[in-house]
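Look at the two complexes coming up: chain A is in both, with chain B in one and chain C in the other.
And now, the complex of A and B:
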């Protein structure tokens, strides 16, 4: 999506660019009316959450040129932040007087560790779910971008960092639930509304967050900072010669993307009713890259739809094991084809089709006009 | 003291496996700039090829090494020719494409032979152990060490003493100038990739008696091997050898002193710091900017 300088038709263009976003969101909000099945609605909510995660990757990869192979790290941190708070809400039910989460009791932990203590407050947990990923990303970004690390090396560092955090979480079983993650959570309660994973409230919460993330990301790409970030993606040293602090902009987009991924992680815990080390695993992290590439890395709505469609299909086919295995094969092939022939993904395909149609129409229109002017000339 | 030597030997053994896997990766990355995420799957194909040759054709592991090299190299050639060569100027996209190819290979194997673990027999001649410095060591591990060094030697000769190697080095320096001297870059790239893939296949075949063979066995190797390449420095074969054994000793040693998780964590963090401060690797002279 080439960015345009504001001009007389700027508003019109802005509306045209927002149109797909608004259409998709309208469909999303209308879905519960059409779909009267709570189980399916929960599944769709799950795909929407993965869509938010993919939007966050699209922001750093498609717009910032930073291929973060550890995007699931931020997702997982958000997810654990929410799970810790929801776990502490259940404590009396599951462990009686000692007031400790059940897995800590099993691991002979006597006191609630200090870093669990503040998670008794849900507001703290939600703030942490956004800020911890953002701060970790900012720190990592500072470490990388101040050293002018680029391209492939960014991917390796982000991937390695995620694996380290994953290893630590699995290893520290008595504080994190280890391999099993944190299970048996309470329901999220906000402003007096209880968010049952299979309830409509949860679906609307997720849908609202999708809309919010899309709008925030969209606004960022249209902002001055967003334009500079895209310029850095296209030609880093030229932007540096103009006197911009390249690293600062990269750190910012990296942290913003992490915060959005953290939001997705928190919602994922609410929808799935647990947190697990697989939420910050290599598998998920690479899947996000696939979704983003298939949908279109340089289109926020495209990335979102890529995740919802591909993850949705995978979910629908996972009922039968043989089917799922064939599907994975097809998925791999599809992915290779997209990388080879559609580097801008389905969104790019849609865009060029749209442009082609518009051109045809314009050509037809000008032919008519020429015909008219000719007849006028002859008379 | 014995324990110390034992630890060194374990490290050497881990290092020789790392070197086997990393050698192919290093060639491909160093000369073509392609991060081949399908490399682990080439390792897996090699291991399965060993199993197939053994189970269906009754060939021993040692006898089937050459055919395995050729089979996996053929896979590599096809992939370079029909996928990677289309991605000439998009290095980041080659990561994605090779990853997709890796998924396909893994899944195809899973569909065809199932995801059960398979086992490959040790060659009977190497099944016993021998004494080195008064410590009993499995002969097969000594054999692996020797083979990995021999393969490194062969690769070095190929790069530095043959016409193909010279052409490849010319292309690395300047592709268009090399092409104007009549070097067919496409052909050399395809051959290079095939050779790297073949080496990975050999690695898979050689480790198959030590580990169980499964469709997803390659994933772990590719990460470790990649760390070896990064540590050793791009375009430095000798660096690859040194870093393979350094990493082997390090992970063996730390795992002995602490545990596996700590070992992995420390190695990964060390790599991260290394990339940040010395992205050209430990063993390369500073590249001209």
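And now, the complex of A and C:
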């Protein structure tokens, strides 16, 4: 690999790796200037949030080798944390004197349950939206990774856990709104700014969180701990015999990934103006895997773009009359094609194209030089 | 003659098959011990017991007074035991320099490793290691692109990077050319003294080139111990190897 000059410092390489991330984020922040349509902007914000969710999966799957099929569980928990806080902000305006959210009144609940109480504080809700998913993941990870569960069994356990939590939420209608979820929410207000789902403030809030998530995930993957996590992905037991407690590293990356998914969930509630059991449903959870694979699971920016592009396409297809019935088929075909021909996703394709162009340019340059030295005209 | 590593009456059975049957072995600090024996004698299992990959059903393993048999693998590694596997085990998707970086396990906690390595601290160390194992040209390439011999060297380099007091090598020269084998022998001789080494090998030329004391195992037990000349003259060793043309062809 002559592309790496021996004196290229680590810092230079780091800047080169950050460049695609910063370019994508610059485009994202510039979009509202070009797109003067609040409805479309809200849609894009939705895809960006799904992008954050996919970044979180890329972190655990692409870098940690942990294929979490229940990634939407963390997403859903974050989403409900935000919805509970925003729901309580509507009381008693929407529900009268009893001081209860409307669905509790319909379900004959007399008092606000104890676990709803702290959600009167928005800061508690935000902390819970990050920490509850992280702690649940850490607990689950403790059992799985201490017990040296790996590969497909991790996927089965995470998927099953998500389904269980989903069923509990649907079942406990009087405390969770059940199948309908939590609707009719107040607007999020932070630092005196009201975040209307269709406003620019919300778009910029989401974009800021995308940048934050990308940077946090990037910083982790470039840290020494991130390197060890990747080593564990390649050869778990080899890492163990160097004295690293492999389970702790797996638990850490699993919990970090869950916290980022929780952040995405909170934002989703703000953008969608409700929380629903479908947010921690199997369909969404598996879609995230497809987005991540299409974008490139070993690239954070790739995973993010995969989600935005494919989810955007999904949205467009499912709305057009021609594909109303068949868009899932199109998605399935896309996934199969990517798995067969682009194991590293779009990010891998971009990388190899970039390398090819660089080589072509180099070859052309040396050909020209040769032509000049021979004083022959070259075409 | 204080013993550094001590295996006492260690037994292991796999589904009724006794891989180790009351094995006793002690190794002094700084020694380079070769472990030989016919196939199925339990050499690899003996290394597995020391590094914690396999737990003994009976017996004790003590290393500088620490009882290893009750510890987890990573705890044994932290106590100063490094292991090279028979099948070369490296991180295939990581670059050679990242492989060596992971092996330089100075700090092992998650939170202690949440920092960046921008200043290239330790880069000199890694370049020196790469030179030692002849992989300077390959530093930035993924380990997946290395040849078999180079992969063996990389793992040996990783063990040097780990800087363990006791290094266990399972057939380190398998798949190497004669020249590579000679280089490996030179490296091992250089490592001994500073580190204690236990090397499982089949190549008698290699064993004679590096070994002080040779331990011969047979059917999960220690059959004989001594210099190359002593074990070759040992009547029971000759009997154990009967039919394979003597120990030189083992």
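Please note the rule applied: the second predicted complex is superposed on the first by the 351 of 379 C-alpha atoms of A that agree within 3 Å, B and C clash if a C-alpha of one lies under 4 Å from a C-alpha of the other, contacts with A are read in each partner's own complex, and residues count from 1 in each chain.
Keep this in mind: a contact is a pair of C-beta atoms (placed from the backbone, for glycine too) under 8 Å apart; a residue touches a chain by one contact, two chains touch by 3 or more.
In this text the structure is predicted, and so the values were computed from the model without any measurement.
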{"item": "Touched partner set for A:168, first chain B, second chain C, both or neither", "value": "first"}
{"item": "Touching partner for A:238 - first (chain B), second (chain C), both, neither", "value": "second"}
{"item": "First, second, both or neither for A:249, with chain B first and chain C second", "value": "second"}
{"item": "First, second, both or neither for A:230, with chain B first and chain C second", "value": "second"}
{"item": "First (chain B), second (chain C), both or neither touched by A:222", "value": "second"}
{"item": "First, second, both or neither for A:208, with chain B first and chain C second", "value": "neither"}
{"item": "First (chain B), second (chain C), both or neither touched by A:113", "value": "neither"}
{"item": "Partner chain(s) touched by A:11 [first = chain B, second = chain C, both, neither]", "value": "second"}
{"item": "List of chain C residues in touch with chain A within their complex", "value": "51, 53, 72-75, 77-78, 82-83, 85, 89-94, 98-99, 101-103, 105, 107-110, 113-120, 123, 140-141, 158, 162"}
{"item": "Complex interface listing, chain B residues touching chain A", "value": "35, 83, 86-87, 90-93, 95-97, 99-104, 107-108, 110-111, 219, 223, 226, 230, 261, 264-265, 268-269, 271-272, 275-277, 279"}
{"item": "In the complex with chain B, residue positions of chain A that touch it", "value": "67, 143-144, 147, 149, 151-153, 155-157, 160-161, 163-164, 167-168, 170-171, 282, 286, 289-290, 293, 325-326, 328-329, 331-333, 335-336, 339-340, 343"}
{"item": "Interfacial residue positions of chain A with respect to chain C in the complex", "value": "1, 4, 9-11, 14, 219-220, 222-225, 227-228, 230-231, 233-235, 237-246, 248-249, 252"}
